[in-house]
Structures are given as structure tokens and as C-alpha cells.
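Structure below; questions to follow.
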Amino acid sequence: MIVNEKDINEQIKWAKINTDVLRSMDNPRKSYWVAVAVCLAMVGCAALAEYIQYTTGMGAANLNNPHMWDMYIATFVFWIGMSHSGTLLSAILHLLHADWRKPIYRFAEAMTTFSLMTAGLFPIIHLCRVWNMYWVLPYVSDRGIWPNFRSPLVWDAFAISTYLSASMLFLFIGMIPDLAICRDNTTGWRKKLYTVLSLGWEGSDRQWRNFRKVYLLMACFLIPLAVSVHSIVSADFAMSIMPGWHVTTFPPYFVAGALYSGCAAIITLFIMLRYFFRFDEYMTLPIMEKVAKLTFAIAMVWTYLNLIEFASVWYGHDMYNKELLIAKASGPYAWVFWTMIVCGSVVPFALAFRSVRRHMPTMFVVSILLNLGMFFERWMIVAPTLSLSYEPWQWDVMWGSIVEWGMVFGSFGWFGLLFLVFVKVFPSVSMYEVKEMVYHRRKSAGERDVLRMTDRAKSVNQTPSVEGA
Amino acid sequence: MSINRRNFLKMMGWSGAGAALAGCDMPTTVTLEEGREEVVSYLAPEEYVIPGVGVWYASTCTQCAAGCGIHGRVREGRVLKLEGNPDSPINKGKLCMMGQAGVQGHYNPDRITQPMLRKGGDLHAVGWDEALTLLNEKLGGVKDDRFAWFTGSLSGHQRVMVDNHLEAMGSRHHFVHEVVNNAVSRRVYAEMFADETPRLRIDKAKMVLSLGADFMGVSESPLLYSGDYTRFRTGETRGLLVQVEPKMSLTGGSADLWLPINPGTEGVLALGIANLLLNKLKMSDAGIPGEVRRLIDSYDVNRVARHTGVAGDRIQRVAALLQERAPSLVLVGPAVEGHVHGHASVAAAMMLNHILGNVGKTVEAGRRLPFAQLQAKSGNTADLLAFADLAARDQLDAVIFYGSNPAFTAPASLGLGEALGHIDFKVAIAQFPDETAMAADLVLPVNSYLEDWGTQVAAYQGDMAALQLQQPLMEQLHPQTRGFGDIVLALLKQRRSDEYGRFEDYYGYLRNAFANMPAAIKGGASDEAFWNAALQVGVVDVPAETASLHSQVVNFADPVTEGSGSQALTLIPSPRMGLWDGRHANLPWLQEAPDQISKVVWDAWAEMHPETAAALGIGQGDLIRISSDQGSIEVRVTLLKGVNRGSIAVPLGQGHSDYGRYAKGLGANPLKILSPLVEAETGEMAMYATRVDAKRVAGPDQFGLVKMGGSDTQAGRRLVVTVPVEQLKRSRGA
Amino acid sequence: MSKRRILALFGDFAEAHNAIADIRRNEVPGVTVDDVTMKSPIEHPEVEEVLGDRPVHVQKFTFFGAIFGVVFGFLFLASAQATFLVQPQGGKAVIPLPSNFVLVYEMLIFFAVWMTFISFLFLAGLLKKRSRLYSENVSLDQVGILVEVDEQLAEPLKGLYKRHKVLEIREEVMQ
Amino acid sequence: MSLDNVLNHWADYRKGAEEGGFHDPKGNHPYEHRWTMAINLDLCNGCNACSTACYAENNLAVVGKERFEKGQAMNWMRIERYWDHNAQDFPQQGASFLPMMCQQCGSATCEPVCPVAATYHTPDGLNAQVYNRCIGSRYCANNCPYRVRYFNFYSYYDEAWPEPMQQQLNPDISVRDKGVMEKCTFCVQRIRAAKDKAAMEDRAVRDGEVMPACAQACPTSAIVFGDTQDENSIISRLWKQQQVKRGVAHQDKTDPDLRGYRIFEELNVDPSVMYLERVREEI
């Protein structure tokens, strides 16, 4: 059917927007508390695992001589990757004036921040002498000792801290007008909280003008930042001399993979929010379709980069890389490898079908599969190189212990917990921007009536209320 | 500015208050108490390494019978590290893994620290006085031949003491037992060269044909031979090593040509080669008795090839090379001796040395000390048999065990456990709670060799005859232990107080012995000077007396084997450099050091040729049951091409039921299932003749067989590059 | 003489726009468009245009932040590396440019972003208490026009508002 | 001093080994020593003496059966054993033994990746590992083509040295706690001792004065150790005689028959250990 339906009902009353979104924030239902409990339990697993590892040492994670790294780094990369979607949606689409982003970018940005906060934990977890973690930071020491600025791990520290603060600011600034709305419509501790957070926003033209410029500037900085962050993460591998790691295409490959898994995660959360908070009017099918198409495009880019990596290895004919590639596809890790290929490169073709794109349950499954594929991709980047490297005497295959997997498992709980808190404390749909959206759309549709946003018809000669004196 | 200590401190000073603070947490080396350090270094590890001043004392290693000289690094009254003693004619400053691990025997957490007496079934700690009084009264009641000493190889003044004690007791029974021995060869050497311990000059040979002789691994003097080997390989013309053995030994790993051979057919091979040398290559058969000549002629290449499983052209090539690469040297190892006809096989092999005219060239007269009573008594297995027999016939009332662990090494067929029961009073002078000590009635804790006095005389001397001094490198670790010499002295004092009463302790005895040495040895030095010199160098150069070699071939039997029994495989209980015969199984370093060839670690295992295993449906890591007519053991399999197809090799050393935390309960002991076969001529145990069956019991399991190394091949890497000898020759020119 | 602050709320954005336009056309003498503050629930540049050209200065601070990030970043790293005597070169001070590029790039963004945010707080006049004339409707769906005028100008102004279908007028007298 | 350094050195890029690595044009930073090793694979018979000596000298922990199986053993000096030569159906030419320890690379890949510079290049041309500085990111080990870095996955100081075994520990070096990377140091404590002695006697370190535990133990004298800064040392003569040069990715020898080679030198890591090819006679 070739009907150009609207992304959103433009006749929606602004008051309704406020009430809908505010409703999503108050008195959580039982299911919410169940979810919180589950997440807490998962975090508990991780905490226990960390305790064991902290007391016994990294051996608890089954790490061994060739496998100095394993799931921790893979999961780290996974979460970093997931964080890229928020930036993509809000910053890039903002610059592109793609206003369909407006109903959904808020939770995407939140996702960015929280997955960063999750990712940030893993370099810490994977350090065996955690208590000396701060040695990675360049602080002035009377011993004239600094971190080694040549190490990609130090670059990580810089990049991630920058990215985290920048994306948090971006999220926060974008939220100020909505916080003002919350302030005006709540009571009690929430009122106090929002009064502080909204920084006294009153929507004056001066504020709006600066706001517009600031938001633009932030967007401009965030995009190159996001790209640089994942390039630097890829440097952890690309800067080494190990076969399968020392790959020139890694930075774009990682960035593409990041956007990919990010979009998949957005779809997942999109569907969940739409379902649980009944945001059908804001997170509409057309928007979902657009996201899905975007995801499909990125999936193809990722697949392409994958293929040229294989190709360059194959025709480059470097013994070590080639044998590694063959081992990946046929060795003990084969099942991981092929799951990654199927989930990452085959499943996305489902998104080519409108019926799939519009069928939420299917989309949910698909998005989960995509993320599984991306998780395995990270695993396939880290583990096989370590198993199979230059020195044949040290070849070995290793499967992580319960401790290691417990930590990975728990990270999802941690992320979920942060997100659950967020949706109840902050508006997960940007109210003012939805208003802008409908306003501008109707305006551009040329309705004269557009400009009456309120339904209250008041008589003009009614005597105005007078305050003060 | 470059970073040396001075600049470093300058920088510290420059960083103001930091330096002041730094004073109190200047990095220090580890303190033993906590075993680690907490301070943050200045990123210059060398800077805070403050090496302590170690003092080096010379002594002698007793980890095996070779008698290598050692230097012990002593610091703060503790011996930390052993190195070879450069003045020793045997190891010339080198030290093998077992010697290195000596300190772990000394500091072993499972040492016996108390005299223990069996009361009501189990052992209880007692005081020395009680122990000695009891010992004396027990021995007092024993009549002459019903008393016996059972020891490992023994030499020097300890041997003198033991001999004197036996004499005092009026007994003739001194059983000297070693699983790793070359008793049969010694017999043959004596017969053919008139020298039990000829100096086999590998370094002088241009080619060595080694019939199962693991001379760099398990032999009478591994380090002496290793030194020879170095010269053998690096000489003008690089020596050629051909190794023929049923299971690849450490030495076999370095062979230019390694040939697997059916167990027990080495003698046949030797005869075949002799046949070729005499008939084909026209070498003189002078000095070869008629019967032997006929025996030789009966072994044409084809017959030999059939018996040995070595290809005929190989045999011909080896024969040709032996003639061409004179002087050559033919060696034999335990795998040749350990058969019913072992003597014949060894004789056949030694005959090759005769034919090739190696005697006098690469087979030299061994150097020997002029004092017979100090000579090493080298162990064998015949004594074990004799002992078991006597014990079983209830001919023994009291036995003192020292430096040997028969309860572990004796095959089940001997029924030693039951036989020991017949001995009323068993005394173990032991350092560790090994199987024998645990079976004894009285256990006397002895000093480790690093805290004991003594003298050692290597059975197999190097380029000079040396009397080697063994001195304490540190104070006794445990107050209750005593030196072996002191214990025997105490026993002797009881019997011969007139003679020995004057010696306060064994040290005094040794001082006296050294003082009484002939002036020729002392070289005119005063007693004091002589003694100090001995202490300092650790080696006393004694003018050697050498036998005059003659080379004659004696008659020997036909060394052909008829496969006995229905069993499919021959069991090879192979000793290994490391755990040796099992005496070092309680040293963690040696347990953690993988086997040199199979690279399996921390366990006993069976080595099978992949094809043999496949035929029996056995795979890598499987658990199999190896059963002989005497019982069975269960071990895991590792597939190895370095094993003859008809054989299955199980390393010695594991399978201890006692012997401390590191040894206990690991693997299995192949000696237990040996068939009661005996070498015809010498009465030695035929250790390599047992036939066994192998059956798969269970599949692999993660911690079953721990093998080092992820790949047995270099996977195309340029790791170990092998080049033909011609290239070496060319580059020599350059 | 006392002044008055008047907040007029409009439901119809076009009327609000026209009202300001009238003020701009100086229909109420004495009240200039510069006195007008417009408050609205959304950002709509085309409506604000009528207020005339009101410049924004954030980007200057951003630029400053970026420059600072680069300069400070490089100097900091360089001096750190130069004093770090036990660099993986063993006592030789080394300043590896390639890695510095990466790090300086990150520091550029870091400082730029923070400067932007901080300057935003001040330039946008945030962190202040709201005026008592603030109306929740502004955050909902109405446009407010806030003007500060002399006593006598109040009435004509209200008249002007009424012509433009004002919904509600709030005012306060200031001493 | 900081400023001084900035001004003097800001233009000194990292010197590759081809430029003498540590050396810089102004000649401010010549190596004090250049400890190198040569291993004659034709003499090595894989007897494990070196490896055990290393355990004794360097306080290496014994990890036990299970952890050994997991690949957590701490054998700084390990003997690798390979079978493949000319694809015989039985190992006709014996085994190929390879003593593998830290190659003390001139341009080591482990150094630049350590986030806290816990491993760095000393004026002696060694890769020093500073246990106290190590935070256990294990990046260095991942980036080591020889896989010769060993990590303390557990605390061993109480398990591996039960009373009274800890009395054997070498007081010149620490016992590493969990979370620390460690590796062969060419017995840096022995080097230090020799240098101190030489300094006290106001002379240069003599050739052969420093002898790592492995070289000292080796029964067949397959391992030669020395200082290539010292022109007349045995080791530098050996390297020259074998025409093996430092700081190049592949050797061009006038005499191709010379047996000296360095493992993985094509990776341009400039290892300090030269191996001599194993010789076998075809018969």
C-alpha cells in the first residue's frame, strides 16, 4: 500500500503530550518493580563474581598465558559500541534536520550514557590490581611518573572520559526544557529535584536562542568524538602486531559495528517502551520503519567491511592472518563465528520486508538476534587471535569460567537498572520537541489554524486577573 | 640525561619534598617473612635490586650416583642456589635439573624431623636417646649374618663406616640396590676390557652408535657425558650420533639418526653389524673365539632385519659408517641389559668396539682411587632379589635401610611387603617418609646432603681421580636430624669403642682420615692447610691408578629373543632425567618440569606409537589398563612416534603411596607389574622384558593428562631450523 | 514613578507574533521591542525573528575552549613526557607526536564541550530564580510576552494585547 | 628541569632500533651495556636444566597440575619440543628442542602498549619489568609474539613455598603477588651484582662475569651470554662471526651458510637472542 502516512498525529493536543509523558513517569506498576528486582539480582551475580576474582586473582576467570584477555574486553567493546546509537540519532539526525528522531532520541541518548557507564566498568574489572587503577591517569607525582601516553589503553581512558562527560552534557542540556515542564507539573521531592535540575528555565527567547546554538555546537562535537572514541577502542587491537588484530580497516569496522549494535538496541528499547508505556502515538510504526531501514543500511556497511577484511587477509596471503581466518571459520570457535555471520549479515535482510518492520514482536526478536551477532563479533575479535598466534607452542583454546560469564551477565543487569531508574525519573520522550515537531509540520503543511495550539477559547473582554499591586 | 643511579637520585632531590618522603619508602628488596613488597618503585627495577653478598661453599651432589661437584650460594646462613663446581672433573661447573632441585630436598616441607618408633602399629616420635638405646639393644641381640645393611650406591668414608659396622656385626650382608644401574655392562667391561669402569671417550669418537644408551640423561654420569657430547659435536669434524632404542630417550632426541628397534634385539643388531664388518667390509676378526665367529656368521642382514625391525639397508649403512668414521664408539644402555640374555647383547655390542679397534682409542682405562675401601659400591638389582629371598626365608632379624627405597622399587612379584614382615627389626635412616621408612620399625631422621659431612668417590671418574668432599652448606634446618656418618659412628662406638671412641663425631673422624692421607696426596701441605684446601675446592686430586686395558672377546650366548607369553606389547619402564627412579618425585620443580620428550607433566603416562594405539582403539589422553602376568596399572596414554611399534613405555618415578605431598597419589609405578625375569649370566632383574596387554578403560578428561605445548609442529614458522651437516662444513671454511 | 511588568499569554502563536510586530511598529509610543521578552514552550526561530536581531555569543567560548584544549593539552603531555625519565625508551625523554595528536584531539573536544556548557549557563541567564510572573502555561502551550513599562503606558499596551485576542494578562507593580 | 627537558627533547621522536633504538643523534644516551645471548640449537638436548635453574634463581612459583593444565605455569625459560622435520613417519632425526625465554627485544612490542610504563627499556638494552608499577592490564603479554610473558593469575607466595621452603627464596628479587606480569630478566640481579662489583673495583664489567642461571647450568654449554657493547666479548665475536646484525628485519649475509638467525626478526622486534641452526647429518 502506497499511502504516505504521517510519522505522528499532528493534531495531537499539546496538553495531552505533557500528560502522556508525565504519566509514564509516575507510580510504577508491579511489573516495574519485578524488572528492578531481576536487574538487581543480575548485578548481584556480577558483584559476587568480582568478589571471587578480586580475592583469588584473574585465574578465577580461567584466563591463561595465551588468553590474557577474553570476555571482559569483548564485552567492553560491545557496550562502547552500543553507546554510539544515541549520538547517531540525536546528533547526526539533528544536523540533518530529520525531525522524526524527536520522539525517540531521548531514550537513545540515555542508552548512550548508560552503556558507557557499563562499558567503563570492564577495563576496571579486567585489571588484576584494581586498587592501582588511577595510575592510568596523568596526575602529577613527586616521582616524576606518568602513564605511558603511547599506550592505546591510556587513549581509551582519555577518550571514554571525554565521551562520557560530553554525552551526559548533551543528554542533560537537551532535557532542560522538559525538566522545566516536570517542575511545573509535579509536587514534593520531584518538584525540588526538577527545580534544581531545570536551572530556572523559563523558556524566554534569550534562553531558547542560546539553547539552539549550544545544542548545535554539542552535536557538531559529538559526532567526531563518537567516531574517534571507537577508533581508539579499535586501536587497542589495531596497534598491536598480532595477526587478526593488526588490521587497517579496524577503525571504520568498529565504528560501523558500533552504530549497528546501537541501532539494534534502540529497536529493542523502542519496542519495550512503546509497549510498557503505551507510547504508540509517539513511537509510531513509521518511525520504527525509518529506524529499521537505517539499521539495514548500517548492517550492509558492516557486512561489507567484514568481507573486505576477509578478502584482504585472503589475498594478502600473510601466513599468520590466513591461518587465523581459516581457524576462525573451521576451528573450535566456528560455531561462534558462523552465528555472528548469520545474525550479523543474514538476519538483517528480514528488515527489508515491510511486514516485518511493522510487526513489533518479530522486530523485537530480530533486534535481539542482531545484538547477539554483534556480541559474538566482539568475542571473535578478541579470543581467536590469542588462541592462535605466532608462537605455536603456546597455542591454546580457552572457554571463560562461570566467574567471567557471571560478570558479563551482570553487566546487562547493571545497564537495565540504570535505564529503569531513568525512565521513572526523567521523561523518556522529549515533550517540547514533539511539540516542535507537530508545530513545524502543521506550519509547513500551510494550515492557517496551525498556530492555535490551545483549545481553551477565552473571551477577550474578560477582565484580566491582576497580581501584585 | 641518561638514567643511572646518580641522575636518578638527582631527580629525586629535584622533586623537592618528594625526596624527603621518598627516604622512608625507598624501595627495598623482598623480606622473606612476607615474601613480597608493597612500596611503589621508581620504575627502575635494577635500581632497587641490592644484591646481598653471597658466600659460595663447595660440596658434592648426591642427587644421583654421578657425584658432581657443587657450589652452594649461602646467604644469611641459608643455602639458596646450587651451581656446578668448575673444579670438579665430572661436571666442570655445570649442573643438571636434579642437582638444581637439591635445595628443594633440603627445604622440603615433608622431611622427617624426629626419630620415630613403631608402637602398636603406627609410628610415634621418640627422642634420640631412646631410639639409639633401643637400636643398640636390638642389634646386640642379632647374630652375625642375620643382620644386614640395605643401601643405595655408597662410597667414600660413609662406605668405610658401613663396612666396618658390618664387620663389627660379623655380617656379610650389604645389599646395594639401584634401579638405574649398569651392572651387566660392568660385568662385560670387566670381562672384555679388564676394567669395570672404562672411560668411554665420546668426545674422542667421530661416530657414536648408542644402543639405548641415554648417556646425557639417565646414565652413570650424565654431566660428564654431556660435556663430552659438546666437544663431540663441536670438534673438527662434527661427531655423528646414531641412536637405536625401543623408546626415544633424552639422548635419542639429539640423534642424527634415531632408529626404533624391537626390545631385546640390540644384541642381534650388533651381531648383524659385526657380520657385515667382518664378511662384507673385510675387517679383521682377530681375537674373536670360534663359536662367536660362527654366531656372527649365522646373522646375515635379512635375519637381523627380521628380528630387530630395522631395515637392512640402514644396518648396512650404519656398518659402513662405523668403519669409515674411526675412531667410533659403541655404547649400550639399560634397555639392552634388561633382558634375559642382556649379558650376551652387551657383549655382542662391546665386541663391535673390539672389531672397530676402539679399545684404547675411545675406550680408555678408567681412573680409580688407590684406596679400594673408598671405591663406590654401585647398586644393582640382583641384591634386591637376594635380599627379598633372604627376607622371605626368614633369614634376617635386623636390617638398616639407607638411601634406597626397595618398598617402592621392588616388583610385586617379589612379595617384598610380605617378606619385610619376617624381619623383626627394620631401621630406616631416612630423610623423607618414603614407602620403606613407613614400613620400618624405627625411623632415624638423617641430615640432607646440604647439611651433612662426608666424602664421595664417583664410581665413574672423569679425567682425574677425585675424592670429593661433602660439607654442610648451612646449619641443620631441623634440630632433631643427624648426619649419616654420626649415626653410623654412634653404632660403631657401641661395638668398637676402642677404635672409634676417640672420635667425637663424624667430622672428627673425617679430619683424622684426611690427616692420615699419604703425603703424595697432601702434597706436603700441613694437615690444616690440606683440609682447608679440600674444603675450599671440594675436590681432592688423587694420583690415579689405571688398569691396563686389554681387548678380548669372551664367549657369549645367542642373544636372540623368543617372544614369551601371549601379550602383545613389551613394557619399557623408562627412567627419566628428573624424577630418576622415583627418588625425586617429592621435588616440585622436577614434578613441574615436563618430560623432555613427551612433554607430559605432573603425572605418569604411557607412550605408544600412534599406529599401535589405533590398532587397539586407543586415543590420545585415554585411560588404559596395562596388565602383565603380575598385575596391572592404569595410566593415561600419550601418542608418540618415538616409540617402537611393539612397545609401550611407562616412565618411572610416579605411583608413590607415600613420600610427601608432592609425590603422593600421582600416577602409577610400572615396576610393580614387572614379570619375575632374571638376566641369565648376572642374575640381575630383566626389567625391560615384561610383556603386557593394553586395554582402553576411559576416554580423555581435562585434568587427566597434562601435556605442555599447543602444537607439536612448527606450523611453518622458522623456529628451529635444521640444516644439513654439509652446510656446517662449508661455513666452517668461511 | 513606579514601573509595571506585564505578562500577556497568547494561545495563538500568530497573534502573539502580530502583537510583537505592532510593538515593533511602535504603536504604543514609549514601548520598544527591545523591552520585550518572549516566552514560549518550544523554539520557533521564525516567530522570534520579529524580536529583531539579538546576538548569541556561546560559540566564542566554545572556540576558546577548543583552543585551550589544544594548547594546554599539548604542553601538558609534552612536559609530562619530557620529565618522564623512564619512558619506555629508558631514560630518554621522548615526545611521541602521533599519540599526542590523538590525545590532544580528545582534550580539544573535552574542553570545548565543557566551556560550551558553562558559558551556556551564564549567557542563557540560567541559575536564576524565575520572576514571579512566570506562568506554567508557557511550558505547556502558550506564548507569553513580558514587557516592563511605565505606569501610564500599561493601559494602551493591554489594549494592544486585547486586539490580539490575549488569553490572560498578569502584571506586577515594581517599586 | 622539566622545561629544560621539553626544550632539549621535544623534537626527539621515538628512535627505532635501526637508529640504535635507545641511541639518539646527539649521542646523549648510548647503551651502557647490550646484554645478548646466543643459543646453539645443535647442542641443546632439551634436558630442562636451564628451566629448573631459572625456577631456583628467580623465585618462580610451582603452580601444580591443574593450573599447569590451564596454561598458568610460570616457566620463564621453557623448552619447546617440535617433531616436524622432512615428514618422516618416525622422528628419524630426533626432536627439535627450542629453549624459549624473553628475547629482550631492541624494539619490543610489549613496551609501548603498557598503560603505566611498567615495562621499559633500560640503558642496558633490557626490557625491564617493574613489578610494583604493573597494574595487570596484561596488554604487554597479548602483544608479545613469543608469548614469553607470564602473569600471576593467583597469589602463590603462601601456596608455592610451604614452610620451610620459602627459605630457599632468592632475597635479591621479589616474590611476585597476584596481578603482576613477569618474565625472564636475563637474571638482572646478577647483572646488577656484577656492575656493582665492577664499580667498587673501579673497572668495567669483565666478559663472562655475568652469567644467567640458565647459561651457567646448561650441561652442554649451548647458551652463551655477554655484552655486545664490549667489542672483544665472546658473544659479540660470535654475532659478528655469524654476521647477525641488530636492528634489521632480515639479515643479508655474505656467507649464507652461517647458522645464526633470530626468531621472528621479520616482525622487526629486534630480539637480543641469536639461535644457531640445528645441524643434522642425513644418512
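General observations
Per-chain residue numbering starts at 1, and chain names A, B, C and D are given in the order in which the chains are listed.
Everything below uses one rule, namely that contacts are C-beta pairs under 8 Å (C-beta built on N, C-alpha and C of every residue); 3 or more make two chains touch, one makes a residue touch a chain.
This structure is a prediction, so every number in the text was calculated from the model and none was measured.
Comparing per-chain C-alpha centres with the mean over every protein C-alpha atom, the closest match is chain D.
The pair with more inter-chain C-beta contacts, choosing from B-D and A-C, is B-D.
Centroid distances from chain B, each centroid being the mean of CA atoms, peak for C. Inter-chain centre distance (chain B to chain C, centres taken as mean C-alpha positions): 90 Å. Taking each chain's centre as the mean of its C-alpha atoms, chain B lies 31 Å from chain D.
Mean C-alpha position of chain A lies 29 Å from that of chain C.
Distance from the chain C centre to the chain D centre is 63 Å, each centre being the mean of its Cα atoms. Across the assembly, chain A contributes 66, 144-146, 148, 150, 154, 390-394, 396 as residues in contact with two or more other chains. Shown for chain D are the residues in touch with two or more other chains, namely 1, 14, 28-29, 73, 78, 80, 82, 98, 112, 114, 117, 120, 122-123, 133, 264. Residue positions 1-3, 11, 40, 42-44, 709, 711, 713-714, 717, 719 of chain B each touch two or more of the other chains. Listing the residues of chain C that touch chain A in their complex gives 11-15, 17, 37-45, 48, 51, 54, 56, 58-59, 62, 76-77, 80-81, 83-88, 96, 99-100, 102-103, 105-107, 109-110, 112-114, 116-117, 120-121, 123-134, 136, 138-142, 146, 158, 162, 165-173. Within the complex, the chain A residues that touch chain B are 66, 142-145, 319, 323, 390-396.
Residues 13-15, 18, 138, 144-146, 148-150, 154-155, 158-159, 161-162, 165-166, 169, 173, 176-177, 180-181, 183-185, 199-214, 217-218, 221, 224-225, 228, 232, 235, 432-433, 435-436, 439-440, 451-454, 456, 458, 460-461, 464-469 of chain A are the ones that touch chain C when the two sit in their complex.
Residues 14, 67, 70-73, 78, 80, 82, 98, 100, 109, 112-117, 133-139, 141-143, 145-147, 150-155, 178-180, 264, 267, 269 of chain D are the ones that touch chain A when the two sit in their complex. Those residues of chain B that touch chain D in the shared complex are 1-4, 11, 14, 27, 29-30, 32, 34-37, 39-41, 43-46, 49-52, 75-76, 78-84, 91, 93-97, 100-101, 103-104, 106-109, 216-217, 222-223, 226-227, 229-230, 233-234, 238, 240, 242-243, 248, 250-260, 317-318, 321, 477, 577-578, 588-594, 596-597, 599, 601-603, 609, 641-642, 661, 666, 702-703, 706, 708-709, 711-714, 717-725, 727-728, 730-731, 734.
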